[in-house]
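To keep things simple, chains are lettered A, B, C and D as they appear, and every chain counts its residues starting from 1.
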Amino acid sequence: VVGPISALADTADKKIALSNNYAGNSWRQAMLTSWDKITKDAVAKGVVAAADPFTTAENQATEQAAQIQNLILQGYDAIVVNAASPTALNGAIKEACDAGIIVVSFDGIVTEPCAWRIAVDFKAMGESQLDYLAKKLPKGGNLLEIRGLAGVSVDDEIHAGIEAGVEKNPQFKIVGSVNGDWAQDVAQRAVAGILPSLPEIAAVVTQGGDGYGAAQAFAAANRPTPTIVMGNREDELVWWKQQKDKNGYETMSVSIAPGVSTLAFWVAQQILDGKEVKKDLVVPFLRIDQDNLETNLAGTQKGGVANVEYSLEDAQKVIASAK
Amino acid sequence: MKLSSGTLRLIIPAVSLALLLAAVFYMQPRAMSYTGLNLLFNLAVPIALATVAQMLIMAVNDLDLSMGTFVSFCACVTATFLQASPAMGVLIFLGAIAAYAAMGMIIHVRELPSIVVTLGMSFFWGGLAVLMLPSPGGEAPGWVRWLMTSKPPFVPMAIVASVVIAAVTHFLIMRSSFGVLIRGVGGNFRSVERAGWSVIRIRAATYALAALFAVLSGIALVGLTTSADANIALRYTLLSIAGVILGGGEFVGGRVSPIGAVIGALTLALAGSFLSFMRISPDWQIGAQGAILIVVLALRLFLNRLERREKIQ
Amino acid sequence: MNAPRLLLSKPWIWSFVATITVWIITVLFTGGASSLGLSQAALTFAAFSVIVGIGQMFVITLGPGNIDLSVPATMTLSGTLALKLMDVQDSMIVVGLLLSVLLGTVLGIGNYALIKLLRIPPIIATLSMSFIVQSTAIWANRGLRIKPPEVLASFTTSSLFGIPNVAIVALALSAIAWLLLEKSIYGRWISAIGQSTFAARMTGIPVDGTRLVTYMLCAVLASICGYLLASFSGGAALNMGAEYLLMSIAVVVIGGTAVAGGNSNIPGIWGASLFMFLVVSMLNTYGFGAGFRLILTGLIIIAVILMAGGRQSTR
Amino acid sequence: MTFGAVKALDGVDLTIHAGECVGLVGHNGAGKSTIVNVINGSLTPHAGTVSYGGNAGQHGISVARANGIRCVFQELSLCPNLTVSENVRIMHGDLKGWNWRSRALALIKAQLKEIFPGHNIDCDSTIDDLSIAERQMVEIAISFAGIGQRPKLIILDEPTSSLDAGLAAQLMAYVRRFVAEGGSVLLISHILGEILSTSDRIVVMKDGRVVADRMAFEFNSRSLVEAMGSVVREREWQRSTAMKAGSPVLSMSPRRGHGLAFEAYRGEIVGLAGLGGHGQTEALLELYLSRNSNWWAARRRETAFVAGDRSLNGAFALWSILKNLSITSLGELSSRGMIDRGREDRLGEDWKKRIEIRTPDMQNRILSLSGGNQQKVLFARALATAAGIVLMDDPMRGVDVGTKQEVYEILRTEATSGRTFVWYSTEMDEIRLCDRVYVFREGAIVAELVGDDITEKHILAASFSEGKAA
């Protein structure tokens, strides 16, 4: 998988750190597992000297900023960041850059210009849900939107995408919106509370991690199951598969692959290696459709998240295509 | 020499901080420098301010569960209004301080439990913050950024700021008449009342002062992070309480120590760093934070024991 | 004439008044059509808050500074481990429950051991504990969602005569807790300790023993709640308890338990739990954005407290 | 002045002139504290007026203070977390400006020296670090101190309850001097000797009315008690004869490694004497705590404790009188851990009658009782148990003379029927009632007195002698 060792000699003594702000859900756990798998291998092969993951106890920008400052003190050559906030870490990131450290952000990206960004177009992700629905339900209908955690940028971006989609497809109307905090039980709770007062719902647009909870809530309220957009979690996919086998239920599932952490790792390694890399890279989100459901389900760990891990070559391809 | 209980209240947190600092220096000698110290401590400055605010509330036997959301709110105001139109920002801050004073009065007049009222207020401030900044952003006003990143000679800004905060609050709360009244209300408000003081005014003023420190905390925080979001300081609620306790303060009885509170905040910040210097498997990194809290507090107990033995002899 | 006044003097009545008001406003949105569905949903989700709330209430009754912040982590670990142990087998349901209870007991003892041995305020002891417990949950399962056994899942999601099963469980637990609190020696003891630990000790109450049992009780209830919630929502998630930190405290204090300790009540927890669910539903129903929703929630909580008043009557 | 159904003050007419000391006596709940609160402005009378120095009209705490009225409450009203001088600052609003600390310190030091010459209180320490007696002394000194002008009227509500005889005498002497210099004092006490020797005029209250108001020399101890409405009992005290029978039910090795060992036998009343704060309370606490597990509830309660400092370690403020009374006896009132309400009510009614707790309803909150009546409840709490040993830490503080007599009688009956009492008291009269007395000095037991040897002379001798010799 990995290219010739000799070409990598430049980074053999470099140390890379992963700064992670949250480990409390299956997506983040999958992300850490992927990181662990790929970097252990890379360290064993001598590609880099170290690739240590660090997680904060609470999902807070201030705590992560302190963590990054500590990483600076520890003399890492590159820091890969999944940021709690796109802007609140800028102070710490700037200090890292000033100390000559390469900073690569992914998933939760940062706006500080000195850092690299591996972004997913969350807005497009939101819009794609409506595009799919417009095709599937040409007549349109009422939508229930499940949002994430208020005040967080990803929530805002996906929401903006969904709004744009609704504007484009005026046959759809958002009749209810709740915050599910990207957590199954919170989503379920919120949907159960609003559902009794909603008219018939044609589809549920989500942000990932909350589709199964929504399905449960609809079932508990004895309401017909609408088209619920899923978020690549295994339990969602299993439920989808069951429904599909039972009554041909159709939907789509979209989310960012947790393995993007490994892409960020390789990008950081490439930059350390002296490669020219553009500051902004875009990775596609991982989308599952009716026809590739089974394959994706088969490849997903029980209770986990559908995932793609990146090799050095994949990373080089992404870098090259951005030029 | 006989030590007063106030001094003892201080020595123990100070020694814990020193020990922790020694451990950090041992593990990471690089930290023993101007930039090293600044990196270790600069994020402790807003925490210290929030801890002082919490300490003021605790001095009158109350507890503020909205500290984190309120500091977040202040940070959002700093990054938006204070930056764009300073006058408006100052006005909002004055309003927030007045709201705190009113809250103190309501708590006193209706004899409400402060925990409940502040719990309600935490939703309120959180909501305002989300309205102001639906997604992270804003920008730190230039002067704030300059202040927080300035590099005074010899001693890094983080240390200077901590010392100034400790000194000012020590004077305010331990030496001034006003401070005596605040602590008197915590110790026995009936006796303060009987002496002819208006306890409601003291409480209102205490809350207002606490709000002022929280506002400063929000401003300092934005100075460091350059921008804000609605959830930026949520953990300050628990951190500030822990800081007061680590610094030798108590929940009831008006027994507080401003210097201790600042030291407590620094200790908490340092404990986090200490942890990242030890390489721990990611599974256990969160747990290790709990463990380190326990160790620091165990240290406090140990020193307490030593001190008591000293006292008996 | 006397009965209404007696009722009004109860601190928990206001949470019910608020609950009913909010319920009516919400139901009005659909002209009453949503009343049954909303009530069922409210009962279901209030049940979880009630179960953790009762435990938290016992702890809060112990007096100033007593609070258990490890509730969310305990719920998570219990859900995670129980579902892992049961591994979708119906025959293991009881074993899983036993594991939950055992786990709660151990964590309760751990909490109190920290409080007692290190002499640290419970708020910090339980916070430290919660970090460790949360780590254990991560380590145990790495965030993978394991499905609950079929029978258990359908039990927690279905209802009897229109009343959700989980609400019935919570009701049963509430009855036991009420008996403990109002009728038993233990109830008197915790109330006495809450008012003055030293005085309680001097009247011969085994203070440490009582506090230990109380922390155990709280952890066991949180554990059971974790077990039920994980089964209800189709698997344990690492963040499933997070909601219940503020919630468990809020339902206790809004329900009229004196935060300074020594005075507690069970009906108020029900009122407050239903209220906390319904108020979010109401604001969602009327389409308020997150910001306004939070602001209104805060204002409503404060209004309820202002109405209930903190001043305790002399009688 | 009424509190709900209770008429606490009913047409009281009280005048205090400059340069006189008025003694105010009455049974527990007579309304003495209430009148104090009316004078100092914390309570506004429902009918009638209060006038200071002739001008009526305004009322309130600050008006009273402006008119030179100061108050020493029985339950300590200092801030325990502040230092002595900081407390002075709180009590004296006009100590403004820079350097108030040293001025406050000078003020309190001078005043303490004047009232209690030879005291050794460290004025830099926090109140917490002081003993109860020292706190009381500080509070008294703060009230008497004046910046610029001296206070005009000082109200002392049971000021000597935590002071030992020597300090009490110093205070009374100072009161006389203060009065001689033109100040006035309102002195409330249940120790009639003090009242008789110090006051110029004595006002007797009963059930919210003034029933007598005469010059002090017109009263003697007996007529005073009669005026208060209690029957004077002749001392017909019988010390128990069966002493030291069998093995001790309670024992403790010598404290601090020297002195005598402590022993108590069945049916005895053992007194702990000595100057206040010489380790009697600690000894009682140790006896109690070592016999009551902090982890397990004993099946049968062996020892019960009566606290003297009720606000600190006695009453449960949120509870009714009944719950406060029954808390120690719950084991006997319940089956399988569940409390039998019927039995609890009966116990309450029973004790309400036996020791005359002045309340319309046992379901009322404990704080609605006057101080002395609260103390009676705490007493009943211990006596209501089946405990064979009762430890008492100065339990008669603030209990009126009539009630005291009744309690003494109950004690004797209970002792005869086999209960053992260990009784720490600061009052010599009470110590003399004991069968056997241990005298404490500096934390250790230095003497044991039996029967007729228990005299004030012997006790004082034991309290002081050896220390001076050594």
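Criterion: a contact is a pair of C-beta atoms (placed from the backbone, for glycine too) under 8 Å apart; a residue touches a chain by one contact, two chains touch by 3 or more.
Nothing here was measured: the structure is a model prediction, and the numbers come from that model.
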item: Pair sharing more residue contacts (C-beta pairs) when B-C is set against B-D; value: B-C
item: Distance between the centres, which are taken as Cα means, of chain C and chain B, whole angstrom; value: 29
item: Computed distance of Cα centres, chain D from chain C, in Å; value: 44
item: Centre-to-centre distance between chain D and chain A (centres being mean Cα positions), rounded to whole Å; value: 71
item: Multi-chain contact residues (two or more partners), chain D; value: none
item: Touching two or more other chains - residue numbers and ranges from chain C; value: 131, 134, 138, 142, 258, 289-291, 293-294
item: Shared interface positions of chain B, touching two or more other chains; value: 129-130, 134, 285-286, 289-290
item: Contacting chain pairs - touch in the sense defined above; value: A-B, A-C, B-C, B-D, C-D
item: Complex contact set, residues of chain A against chain C; value: 23-26, 28-30, 33, 57, 147, 150-151, 176-179, 181, 183-186, 188-190, 192-197, 212-213, 216-217, 219-221, 233-235, 301-304
item: List of chain D residues in touch with chain B within their complex; value: 40, 42, 61-62, 65, 71, 73, 77-83, 86-87, 89-93, 95-96, 100-101, 122, 124-126, 128-129
item: Chain C residues touching chain B - in the complex, by the definition given at the top; value: 64-65, 69, 114, 118-121, 123-125, 127-136, 138-139, 142, 246, 249-250, 253-254, 258-260, 289-302, 305-306, 309-311
item: Chain A contact footprint on chain B (complex, rising order); value: 28, 30-31, 36, 39-40, 42-43, 46-47, 129-130, 133-138, 149, 221, 224-236, 269, 272-273, 276-277, 279, 282, 285-286, 289-290
item: Contact footprint of chain B on chain A as seen in their complex; value: 20, 23, 32, 36, 52-55, 57-58, 60-63, 65-67, 69-75, 85-92, 94-95, 149-153, 155-157
